[in-house]
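The structure appears below as structure tokens.
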């Protein structure tokens, strides 16, 4: 299997147990994650060689984060340390008609203060087949943006496949740059786009609709404006309630449109990181299957992640293939 | 916003974690609540000024109860202490086809032994716009009945709006008085009735049916026998299973009947206090909206409470308005 | 009520809390169970006199197991101790599309090393009306097989009713004997068969279908080859997902076919031991009701067990009768 | 080994985990105990046959209590049920300079409402060698006092050895009778006195000193006034801090004074039930050893109980003999 | 009793349970505290009227913090909200030879970003007798420094007693100002100094010794350079190990030196906030006792805080007086 | 720093929380460890490159074990999988006068069934400077013995330093070989002996005393009979109680005797793995310091491990050096 490099924040999630609100709690469960690390972890658990580039706090919190990253088998040699605290967020988990809530503490953390000039991208990218990034990282700080941009440029020169999930988040982008402009610049350095009408509209300032025709037109426009993009894969999530979700994938590759079945998950154990599970499933699938099967695999990975606590998809490729094959979980595996 | 006074027991809930039975447990989660305190808490959390009148044990258990009541912002100056233990109940939480069970220990507690003569109702009610009571309190003990009756009489004289949820519980009323007679007496001192056919039949000894016509006839009969009642709001709960519930509100105000949509909650996190959330939503709504919107707000408050552990509805008015607006909880609030 | 003897392993279940995977955990919940002990416990909880024959480890783990067995009121005088460790299994609980997983550690444990010659079957069986066994025990070790066979032969001579749930598990039968041959031999010593087409096909090497006709043909064939069998009761479980299950019972007694309603359980709290709850419900039912009501009772017992954590059905007969009567759990029992 | 009967409340202990105060907690650990049940449990765990006479609540709380009593192997056939709630107490565990605190809820519980006339003492006492009671039971309610007195009278007639730990507690005796008078009456029906100068002074209204001479004089006076007492055993506890305790025993038997070494326990895991462990150790010792060794055994039992959470001494006789032999716990038993 | 105003950060503490390291944990216990809030809370729990001036995050984390502050009875009307995250720290609790560790995340939080101009000091200080501040607040940010300075100036004009615990922490003071200069400036606005040789040396740049003579000389020098200081109280803590501590107080008031006994605490439950408990005890004592008794009270408050989990001293004045009186915690309070 | 290879079982520890007995628990904390893995982990945490050779179960339990081993940074490439269950043990943690207890389940596990012929020792040992083994591994099974022996022979040929802690455990050696004979054979292949009089007496069948002279004579005899041994380091532990321990080291190297100070740890958090912490400290010390300082470092490592939960010493070399330097843990590290 191929080697993958990911770049992004290692963030700590803190949440009261079960569906409790914070006011009702004296303790919090914690997990390490971060959108790109989630992709990295899922790929490593499925057996890929993965390097993650990041920066953590130089204290016992950062040490614990590194210990976690090692535990899933990711190469941590390109994770630096600095004196800023590890980024974190608080999560109150909703249920049924009550939405989950997140409160962030990340804009002045160790990743936001990464030193772009200290990353040896050539060495980090050596031997890599894929570089995965998301729209979160360049929204955190100028330093993160610059580090990422430099990495993408070098990866591009090295002919590495670059996948991106360019989600725009309005609670980022506080440091002065405009999200849509930066994202368009960085997508233009990438080759595989994981996103749909919403993401394209945000980046290009267009107003395509979400239906199939709108999606196809949006894809064509994206490829016109960012010609390095040669494949587009989209995940559709229908959030029935906080406890019941449906997932579906669709894609436009070489002018061909295809889509997956709708998978239903009820009850949802954890909604965080389900998009990252999709991305990891896709990257795994592209290396092992044809594009259509890769999309189905990605969609099944997204579905099964909804049943796993925390940010990470702990499923093996076999687990995901079973969900893809329609095994609904009703029998115990002894 | 207006000031509200509530009167009732502060009771402790003890339950094994999750769906465990007590036999399978070595620990219990505990919460403070009590039907009128639940109403008070929800109102305080939504920003109202609330005073609660009660009596707690003069030990560290009572101190903890007071600390909780303060934490939600309720005025505790009218809560006395005595040497009797705080009332409490045990709850085994059911699931699907298995019903929840409750075992009470409240009939000889600190609230049952409240001293009616020591309550300075004039001072407590000063500046209040609403007085809320339920049928639980007068069923606990003669002392509680007398304290409540005196308070209602004074409130009535002061022209305060009196809301009541006059639920009759057969496991109370052990001290000699007949529940229906007492409830009729106290409802006759009230102005807004929160209840429907069942409650009216219990109080009046009538046999109206539960359908719309029966409800309207029952309301008319109630207003005839208790002429101070000028508005009647009813909550209908359809318990599909212990894990899935539906809620709806209906009302008769000035001869006008109106009802809300049916809201579904699945899975149910906690069924306790959902009626109290309805009452609090209604009292809040009556102060901020018209009667019909108030009923919709009450029904949404009832629905969202099903997703919150413990006896108290921790939702803000904004949270409830979102549920009312159809936001089903499928998206994370970041 | 009658006296029942059961024979089988007392096994410890260890599982991460909630839906966690083991990698995400630092602690495990544990329960004692074992397919025949589960039947014994449910019967004891419903008020029957029950003796369990087994062997546990001679250490504090075995002591804890005995303490549990005593706590449900089972006679432990025929449980011996030896120097081998108590059998155990690890369980990761799935959800929705993710299946649960089990990893066993039982093949060299204290039950596998039971001393057949040390069991005083005559004394143990004295006064018993029923002897219940399953296909798990003879699959664990030759010693367990021999102990069981001797017990069945003596019970048969004493005219005791012998019920069997002869499930064949492919992860057992490592000690040299063929599962189907042994099971046929032991079923030929039994009188009431709890199983359906699958179990009959496994034992007889036949290929009957699962539909009603196939079931009836299979039953006839079983009675031909194992003429001591005079009643056959089958449970059908439809596992929609890991979180949603449906149960149904059917039977062939004296040439009469009858079946129960389909009961639905959603969400499932615990799937383990639901078949054992069915068997216990059936044995209880056969002593207290006619065969058809016994089957309905067994099916309701199976349904309610899905809502109880651990291996044991803690329900009273009253609880089960309520489920049978259609009470769906939506109301709190105060 | 002999048969022992005990009579007393089965009480539930609820305490926040570790050294937390209740205000800092959302959960409580719970244990079942009660001073006489603690004695009964320790004796049963050491292999004696024990019957406990009591009354519990007729709800799932009472059922859980019974399940616990069965788990230690005590005969529960003489435990009745009534509609009053199970008695309970809350405990905040202190540490070092901070004392532990207890808040009771027991004066209107199921034991306080036991029906004296419904106890079949003749049957219960049949075959018993010892009857153990404490000063707690008659202090709870008149019903408990009457039940106990009747039992003692019948036991006396049957020639059963009657041990008593007649502790006077000022937070009891609310029902009208005077503690010292009742205790003197009941001690006069007993044969072995477990207590020292303090207890004798309370009962007789004397003012003997606590030193050796005072103790001996007090014993002589007690035997004069209550001539059925033929042996007196006293435990001395020196509470250095809430976390460090020292224990010692002394006795006067047939005019002979003897005392044990001082045993130190640091840190203390749980101070509750240490006196009951002493009493159980003594009763066990009197049946198996001479009086002096019995006292040493009782003192070691008291010491080791300080290291065990909850009200019950889970130690075997072997464990206690090791402590008596000077084994300080420094090595792991593999 | 008097009214007290405190100013400072409300900080969240997160720590793995017990003595676990973070790498060994999946959950953390959390508490709200902060050096000045700890003083405020202890005073409120002892019955004083307290206002706390601060700024918290405008999210559910800040809401939870406010809920805690209300629960102890502190007036929260002068606590503002802003869009920055609540400050927090992680704590790994040591034991015996292993020291505890702290990792901070506070320099860009909501308190660091407090708006000095938005605080209405005149209104906040109205009716106050005491204003308490520490050296932590001005070390966090320039905004916090400026807010505090303005408050002190106004308090001074209003003739309010100003107490200070001017601890210098090297991990603060990152924003440009020199700690010793700022602290000297602010101490010059204060009237009661809680600190000893170390603190004086840090502020004045002197090198007095820690013994009695050095302490007295240092005090004289401080009063010379900061003439508004009229009383100096010092706490001495001797950390034998992470699990065993000794505390002592000494003072110089009007030229009179006095000191307290040495109190020992073993084992230590929680070392955090023990200095704040001393300060609160002192402020309470100064209002209720003479200076020498106040110092003894402060020292006992410090000692008992070591036995309480979290940052806050939950003891009542009675609890502290008992420790002062030599009650060592060895008996249970029933 | 040098590379170290370790060989031994990866064993799971399961224990009730705190000081609970198993009968009082429904959950267990679990940790991965194993005497040689403990040494490996401590060395990896201090920054050494470490390879561990072992075999785990081919199920999710084994996967979790591997995930843990990776998390501390150990190379897992030489850990195989087989169909046998992972070895495990249960631990009840004692306190003060109550000893801890262990119950094992390891003799038929995945390590006991390791395939000696499948280990590529040449590749595993490539580049290694140290090979560490203990007397546990060859006592588990013949397969483990043979695998180890082969590894030692090859290591010896490669000139690798071989350290051994040849503890003899009477609850092992069930497979037919005599412990003392095997240990003598394997010690004869080793170069550094970590043990003292007891271990030497067990291996050689001698009866030297434990005092200094006896130790020196025993060492001389060992070197005579096992001439490859050139250094001998001994740890002395004095178990005052289960909660208080003292540790000391002594050594004979090149005829020179030296010993360390006695370090005291009170309270003990965890006694398991303290000898392994000593061995790891020694191996680290021998690479970084002279022999005497190495012994001091080892003793300090042993002491600090007593304060850390679980089998592993999570301390950095800096932490250990602080303990060695007399820093007693009384101050918080911020």
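As written, the chain order gives the labels A, B, C, D, E and F, with residue 1 at the start of each chain.
What we mean here is this: a contact is a pair of C-beta atoms (placed from the backbone, for glycine too) under 8 Å apart; a residue touches a chain by one contact, two chains touch by 3 or more.
No experiment lies behind these values; they were computed from the predicted model shown.
Enquirer: Which chains are in contact with both chain B and chain F?
Expert: A, C, D, E
Enquirer: Between A-F and C-E, which chain pair is linked by more C-beta pairs in contact?
Expert: By the number of C-beta pairs in contact, the winner is A-F.
Enquirer: Call it same or different for chain D and chain E: same when shared residue numbers make up over half of all numbers used at their interface.
Expert: different
Enquirer: Any idea how many Å lie between the Cα centroids of chain A and chain C?
Expert: Here chain A and chain C have centroids separated by 45 Å.
Enquirer: Which whole number of Å gives the spacing of the CA centres of chain C and chain D?
Expert: So the centroids are 42 Å from each other.
Enquirer: I need the residues of chain C touching at least two other chains; which ones are they?
Expert: Within chain C, the residues that touch at least two other chains are 18, 21, 23-26, 31, 67, 71, 101, 104, 267.
Enquirer: Within their complex, state which residues of chain A touch chain F.
Expert: That would be residues 67-68, 70-73 of chain A.
Enquirer: Can you list the chain D residues touching chain B in their complex?
Expert: Residue list for chain D touching chain B: 14, 17, 21-23, 25-31, 57, 59-61, 63-64, 67, 85-86, 88, 90, 92, 101, 103-105, 107-109.
Enquirer: Quick one: which bits of chain A touch chain B in the complex? Just the residue numbers, please.
Expert: Interface residues on the chain A side: 18-21, 23-24, 94-102, 104, 169, 171, 238-245, 267, 271-272.
Enquirer: Which bits of chain D are touching chain F when the two form their complex?
Expert: That would be residues 18, 31, 71, 263, 265-269, 303-304, 306-310, 314-315, 319, 322-323, 327-334 of chain D.
Enquirer: Quick one: in the complex, what on chain C touches chain E?
Expert: It comes out as residues 24-26.
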